[in-house]
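Two complexes, one shared chain (chain A), two partners (chain B, chain C).
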Partner chain A sequence: MAEKKVSVWSDNRFWQRSATWVTGFASLLLIWLTFDTMGQITMGNQKDINNHITKRVPSATVINYKVEYKMNQRRGHEVPVIGGDDGKGDSLFKVKENFFGRDNYSQKEADALLHLGKLASQAKNCMDCHTLLGNGAYYAPDLTKAWLDPAWQKGGTMQAMTGKSTKEEAMAEFLQNPGKYPTHARMMPNLGITQKEAVGLVAFLKHMATIDTNGFPRGFGKIKEGVVYARSK
Partner chain B sequence: MQGQSNFKYEGQKLASWYFTVAMILFGAQLLLGLVAAIQFIYPSFLYGILDFSIARMIHINALVVWMVYAMIGAVYYLLPDETGIEVVGIGIAKLLFWILTLAVTVVVLVFIFIQVGAADIKTIWFITEGREYLEAPRWADIGIVVVVLGFLANTFLTAIKGRRTGIMTVILSDMIALAGLYLAGMFFTDNISMDQYWWWWVIHLWVEATWEVMVGALAAYALIRVVGANRKVVEMWLWIEVAMLFGSGILGLGHHYFWIGTPEYWWEIGALFSALEPLPLVGMFVHVLYDWGKENGFKEKAGEDTSSNNTPALLWLVSNGFGNFLGAGVWGFFHTLPQVNIYTHGTQFTAAHGHLAFFGAYATILIAMFYMAVQGKYGIKKLRATFASKMAIFLITFGVVGMGVALTIAGYEQVLIARAQLGATWDAFFIAQNQTWMAQAMDWRLIMGVVTTVGFFYLVKDLLSISKNPKNVY
Partner chain C sequence: MFEAFTDVNHSFFGLLNQGPLTLTIFLHTVIVLPMFWIYFQEKKRLQNKR
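Then we have the complex of A and B:
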């Protein structure tokens, strides 16, 4: 049989080159987007807060401020609100809030607390029961907005159980002695968390609640009637 | 897999070592999975001794490591076949195997007996890194990189010296990417958004890009060996698959960047490209069935025996084609759009997808490779399925699909109650966990986990004894 002219569609070289080009193009696009994202998710500092600049990942010094999670009219979903809001869901960076009795943590102190807390979150394998920003294991509640959880607020079940008068103290107490405060048959184990580590972890949780997660989780802690209904069952 | 050996090459013998450790770790994965599944139903089980966090961590790490072992083994197995020569530096390759195995053993022992550490960088270096899937401490990370560099050197030097095939070209370039990406997971930062951004570079670009390409290459090799498919056609398909897998999978990474602090544009990019990810998986499924049917047609026309030369491997290969499409493709697509994912993210939906995808896409093809190694080791011309082979594939597949369905139902319940109805709080989570549908789903998951484990024992028995099947003796 004479040599047949091979169609380009069944030519291996053609497909090899296509694979190379497609991979190269996709990789370059990913690298370009990565540069942009890096700029947007770099952690802010106190100067940004002073200048009223909202960062996706704000300064560790947000622990000095009141933090909420509110519907933003412009964005069409909930966003973290730091230091009070302007009525439209944007942060004012004004209203302060005590964190373990103080609202004047310096940049250095706040950074150190966050560093300790993030290290603790890894050293204790938090992610292998809980989810953080929705990633991890599904044995225990998501911690993305744990700082804003109604259970830890004044009058909330968790704060009442620990007998503490602020949520940061209640959270720190729980983290150090989880076996003493069972909230479910599925109890958190004692991980040997020290007082200092607990304070760091709470700072880490408060900071995580201020990260702009594009509205995740939706309607966090907003739907009170549902809870009553489900509990009555 | 001990006893007399008909391996033509030392590289293939080394492959069988990797496969043996992979099977042991596969067993460990199932055992710890059962512990974790029991803890969902009886939370006091091993509480304070081997807590859920530890059981689950070893469950998923054993999974990843057994698959990496089996992939390295698969490469060593096909390397001499493809290049036509012995693996270059086989002595060093064997030494690296022992170093890696020793390191894995130490890491697992530390996980089990030390478990957690103080909030200190020393914990990250020597006990656990505490990042899901990448818990291995930093010293082990560095060890893994060194071993993988050695492995890359072995394979590259062999490929350069021997015959160059399309399959080898794909595997070599894929392995550079695979190894390089691991480096993205080896740093500490206080910024959790930054942490998770790079963490996904390792996790996603492994399992949804480079591992999938590795599967494509292994399937191509297996099709040539098992059903006698035409190399030129298979390699053409392979290049098309690489283009589609990387074309969708690399930017499909965006579907992990919806809610971790990263900008909104990832919604569109992640949704579009990850929605395309199932396409190559459909293609791979069609490819396997098409080549199988085509080669059978040729043989029938020529009046030849149409049975494959390795029935168990072929069965696993077909279940790979289907499982990859169903578990990775369909179950992935279920929750990949941000409109859906805002509710499903971080629920048992993800676990359902994880179980079905890791099994369908990876476990199946790697088990097919185990059977090919058994065939090679005993020099069996036609390896026929035994009762145990059939029980293994039936029970394991049935068990994993059952777990996947149970977890999907659990996820559905969680999405509706904990997320949509109650707004994702601590109370919402536990109220949803207490619902009957969740409890029943967790019971079924455990039952199906036991079924899978029974299938695993059949698989072990079969791999050890199939060579003694009278039908396989010539």
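Then we have the complex of A and C:
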């Protein structure tokens, strides 16, 4: 017997079942993705650092440690290296670094400092001009890895300009008086950032630099003289 | 074609997201393939209907 000619495309039930399947699958996928993301973005604590566990978002106490950005051959991009390199490109969590004269911030102190920095960054609307972890504007430099910008390091232009001898002090000084230091044609306006807020903001920036962003922003480690150099080339 | 997974946190979606469009292609395939099954089931049902 010849096959009976039917039109599945104009059949209501086919579309109903397809829509149910796609909507149901997408809903389950979103629920799964939510839990998957939670695992990725949950912040670590000092215990993780003590146990040499690398978290994507490490503990706030990383402000006590030396932070570098190094090419990891295995992963094919730069990764934040916290407290020294173990020889394989991973964090050793050993080498400490003073942050405003101290390297023994407790979990509570570091959390409070980071919280203050986060609130200040929101209150002053940094994202109006800057980019933080991919969110924000590109009117001003990307702040995701600002802590690792060579311009703030020893011998960098920002330390010379502000007359400070450490990265954190130079950053805090600049944040409080951005109008005093000509960095760029688009100068940062004076936002009335207090000394306390500046310390919090610098802690926030240092911590943000330790977040493993899978190499974002690309090619950051290749910038030699900071933003001015990058823009002029 | 398959490369070692090197991300900090291991995840199924991260594994699929290693190449250009690989996650998208996978998810679309998973969503579209059962629709063929639905199509032929419905076709059979319509043909058997009087």
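Definition applied: the second predicted complex is superposed on the first by the 210 of 233 C-alpha atoms of A that agree within 3 Å, B and C clash if a C-alpha of one lies under 4 Å from a C-alpha of the other, contacts with A are read in each partner's own complex, and residues count from 1 in each chain.
Basically, a residue touches a chain if its C-beta (ideal position, glycine included) is under 8 Å from a C-beta of that chain, and two chains touch if they have at least 3 such contacts.
No experiment lies behind these values; they were computed from the predicted model shown.
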Partner chain in contact with A:Leu29 - chain B first, chain C second, else both or neither: both
Give one of first, second, both or neither to describe whether A:Met161 is in contact with chain B, with chain C, with both, or with none. neither
Thinking of the overlay built on chain A, is A:Arg74 touched by chain B (first), by chain C (second), by both, or by neither? second
Please work out whether A:Val6 is in contact with chain B alone, chain C alone, both, or neither, and reply first, second, both or neither. second
Contacts for A:Thr54 in the overlay, against chain B (first) and chain C (second): which applies, first, second, both or neither? second
If we overlay the two complexes on their shared chain A, which of chain B and chain C does A:Val95 touch? Say first, second, both or neither. neither
In the superposed arrangement, does chain B or chain C reach more residues of chain A? B
Shared chain A footprint, chain B vs chain C, residue numbers 11, 18, 22, 26, 29, 33, 36, 40, 56, 212, 214
Using the touch definition from the top, list the residues of chain A that touch chain C in their complex. 3-4, 6-8, 11, 13-14, 17-18, 21-22, 25-26, 29, 33, 36, 39-40, 54-56, 74-76, 212, 214
Any idea which chain C residues touch chain A in the complex? 6-9, 11-13, 27, 30-31, 34-35, 38-39, 42-43, 45-47
Which stretch or stretches of chain B touch chain A in the complex? 36, 39-40, 43-44, 47-48, 51-54, 56-57, 115-121, 123-124, 127-132, 135, 166, 169, 188-197, 199, 232, 235-236, 239-240, 242-243, 246-247, 250-251, 253, 256-267, 269, 342-343, 345-348, 350-351, 414, 417, 419, 421-431, 433
Footprint of chain B on chain A - complex, ascending: 10-12, 15-16, 18-19, 22-23, 26-27, 29-30, 33-34, 36-38, 40-43, 56-57, 60, 111, 114-129, 131-142, 144-146, 149-152, 157-158, 183-187, 189-192, 194, 197, 200, 204, 208, 211-223, 226-227, 230-231
